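Two complexes are shown next, each including chain A; its partner changes from chain B in the first to chain C in the second.
Moving on to the complex of A and B:
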């Protein structure tokens, strides 16, 4: 009887599993094999085994790009957590209706295509329609100017797309914090601000670190923001992967970089999930 | 204190919504420019989305891909989530992780993985490729929501049904499905919205053959900005907002986002 039941389970899960293996795992295996194959200029690639693409990636010019990408993601994710942590905490203490209305906004922003975010930010930072006009109007600066493309533009765009993402990682953890912690602290005479810094932040440090890492991986994968808001010297690893694959027709090199990105991401995500798991 | 808190909340929401606000407004510009605040007022750019054939085609492309891919993703996720929960099959953890990974890993990696896969099969550029690949990419969302729904089922109901002699099929059909329908529906909606907005996979697989709205916006960015792009973006944002409001209204949004002990 029990065996029969299990058999049903295998039968109904077999097709979806096969689907995921065929259309997700096999592509990654193909990618891995392309990353060690020989490049044929003008054509696709030729099977073989070489580590040349990985070696090229670690050295010189691309090492710098890697450093640049890591710096951007590290900064953007840190800023996003700083902005979003207090916000998420306050939100979890508000009424259900307010929470849901704000959640709808945040989800809408999160699902926003990066194309639209990039387009919106390049408008916001432009000379004709940008915030600099607001500053002129306020009398802070004299003349309107364009703030894009620049490093700051890329960074602020990345921070923006990471905000709702950080929120989504932090929200469930913070809403499970028992309100009694806070009440106890306040009965003992701590101000809400003091309770926030001495109780809420320490007890959620794993969640903070986990969402920092998730935010980092998320920004590392951003393609359009650096592409639309930055100059070529601000391009990140993701932009170069796309550039090599599509425009330079160097599939093996693009694949090698993608493999590197994949393993970095897997390691980091695994680490952050073990942090979140530890808490429970 | 309370005042400062409200100002802070308001400030963050303003930052989050300001790009959306700007995009919606510049779509009202009378001339073909992206002035903000807009000069003059016209709805032409918004109606242009429908009357300009290229934009209309891209809207239909986006909708048909999102529709097929999100249904596919849900049909993949439902049996997986159900057999992991109900039959505790072997490797269920591994299968679950494989189901979650396409969405958590950097999309560019999946994108060129898909690209090399379809190129190897010599199907590069066909519309089916994007539906199948989006189906994989988005499986994560219904898988998460349906698993959440299944975990919230009171196991006593299942025991009762079993002791009354319900077969596996009857149990699934008349007890499980009604209980998890809101979760299936939300997973489907999340997948639909994200497929509509997805850029990098679409660009790599069918960027030069099937133009979806995000691809079209990106392509138009190179040839200069027009308010139609703003109108298209605004329409997308609004539709996402409407779909999430429907989820919140029909289902339990807080629970979907992982809030367990709701007060």
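Moving on to the complex of A and C:
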């Protein structure tokens, strides 16, 4: 009986294991092997072992791209939290009905594909149909201008797609905070604003960190938004990986960059896990 | 919907007032209004002659102990207690001194650097009290702070809280649903029901002279019997002989005679010709430790009797006994 049960357990758990090995581990090993193989210019690549692609990446131009990608993700997820934290906090204090209505709207944003979001932003920031026309109409600026492609455009797009994810991480945590914490701070002489900064934000530290890391890793892997809203100098690592592997036909270098991106993401997640794991 | 209606309370400075009532009676709402955490549609709150109705919570300067205690989990005990001092911009050296003094007061010296989750229930309680008292508030409000503690610890904390209050002479309002707590701690007891104040008075006085049947029944173990009364005589429904009562000047047909369970005497059934007696049979007996509770079925209804546990041997379920309601313990109340 017990043995049978065990066997069933093995069979059931082997399915996802097999799936992960086939579609995740094996491609990863292939990627790793390509990243150290020799490139054949004008052709493809041949097996071998060289660290040249990694070396090329770390030095100079591509190092800057990595830095830019990280900076962009860091800024986008930070901005998303700055916007979403106060919003979510206020929302959790409202009635159940309002909460659910807004929750549905935010979840609806998740159903939009990155392509639609990207094109919408490029229209919104364009010269012919963009917001700058609104400013002209209001008399704030003289002439309509195009605000895309630019760094700000990429950042705006990235913030937009990160917002609902931030919300999804923050909402359950913030809605569980006992309103008496806030009230206690106020009875002790703190204004509502001071109570928010000295009590609510510190006790939500873990949720803020978790949502920051999630936003960071999520935007680090974004491809379409930087591609649609940025110039090549604003391209993130993911765009460059595509560029190298497909347009430059440099599979080994693209693979090395992909490995690097993966390594960065894993390091960050691991680092944040160890931070979160610490007892308050 | 009105949570509270037509409440007028005058709380003397330096007194310990208990707001008592069943859950949902509005006692916590009233406390929150006093603290400024809830707004009123109409009415005024006056503190030392000054109208504070529209003053925001953080400017009122009242110390509040919440039901959940709401100790800040990310701060040490020192920082928790000093929080109120910091918002009031107290100098650092004074903060240190005050926190030390408060920890001494609540009998937790040396706990400055502990974290909230390292404390027991009773210790958290004391920290919450210390935190609320840190900036010497002119009013101390407590919302059922002891309800989460076990019975023995609760009793200890009741004594300690009362001691602290007396030592500091601070005006205190405590919300509770525990009548024993209100009875033993308050100088003034406010009995509430459905958003209305039923009675205000000294606990002993409220216990002995309840205004109506609700207050009579809510405090202690009470027997209530429908009756009509005229000139200190009450005719209980189901009994022909009138009972002498202590309440004067209350005549009518829709009244209640109340007698505390501990005031009912048990007589041996053969005695006769005594006033205020009724026959009944014992339907239930239970031990309460120092006392026994006997439930007697009589012609006027169920009567609860609290007697010395020494009588346990003499009583048997099903036995017929005679009960006497001493006339000075019988009171009349309106049915409400």
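Heads up, the rule we're going with is that the second predicted complex is superposed on the first by the 261 of 280 C-alpha atoms of A that agree within 3 Å, B and C clash if a C-alpha of one lies under 4 Å from a C-alpha of the other, contacts with A are read in each partner's own complex, and residues count from 1 in each chain.
Note that in this section a residue touches a chain if its C-beta (ideal position, glycine included) is under 8 Å from a C-beta of that chain, and two chains touch if they have at least 3 such contacts.
Keep in mind that what you see is a predicted model, and the values were worked out from it rather than measured.
*Asks:* Now for A:252: first (chain B), second (chain C), both, or neither, which partner does it touch?
*Replies:* neither
*Asks:* Scan A:149 for contacts with chain B and chain C and give back first, second, both or neither.
*Replies:* neither
*Asks:* In the superposed model, does chain B or chain C contact more residues of chain A?
*Replies:* Of the two chains, more chain A residues are contacted by B.
*Asks:* Kindly classify A:215 by the partners it touches after superposition: chain B alone (first), chain C alone (second), both, or neither?
*Replies:* neither
*Asks:* In the superposed arrangement, does A:188 touch chain B (first), chain C (second), both or neither?
*Replies:* second
*Asks:* Figure out whether A:230 sits in contact with chain B (first) or chain C (second), or with both, or with neither.
*Replies:* neither
*Asks:* Determine where on chain A the residues touched by chain B overlap those touched by chain C, and list them.
*Replies:* 192
*Asks:* Where on chain A is chain B touching in the complex?
*Replies:* On the chain A side, the touching residues are 5-6, 8-10, 12-13, 15-17, 19-21, 23-28, 30-31, 34, 44, 83-84, 86-87, 90-92, 96, 99-100, 102-109, 111-121, 123-124, 126, 128-130, 133, 160, 163-164, 168, 171-172, 175-176, 179, 192-193, 217, 220-221, 223-224, 228, 238, 241-242, 245-246, 251, 254-255, 258-259, 261-262, 265-266, 269.
*Asks:* Taking the complex as given, what residues does chain B use to touch chain A?
*Replies:* 1, 5, 8-9, 12-13, 15-20, 22-23, 26, 33-36, 75-77, 79-80, 82-84, 86-89, 95, 98-99, 101-102, 104-110, 112-117, 119-120, 132-133, 135-136, 139, 168, 190, 193-194, 196-200, 204, 207, 213-215, 217-218, 221, 225, 229-230, 233, 236-237, 240-241, 244-245, 248, 253-254, 257-263
*Asks:* If we count contacts the way the header does, which residues on chain A are in touch with chain C in the complex?
*Replies:* 178, 180-181, 183-192, 194-195, 198-199, 202-203, 205, 280
*Asks:* Name, in rising order, each residue of chain C that touches chain A in their complex.
*Replies:* 35, 37, 56-64, 66-68, 70, 72-75, 83-84, 87-88, 115, 117, 131-132, 134-135
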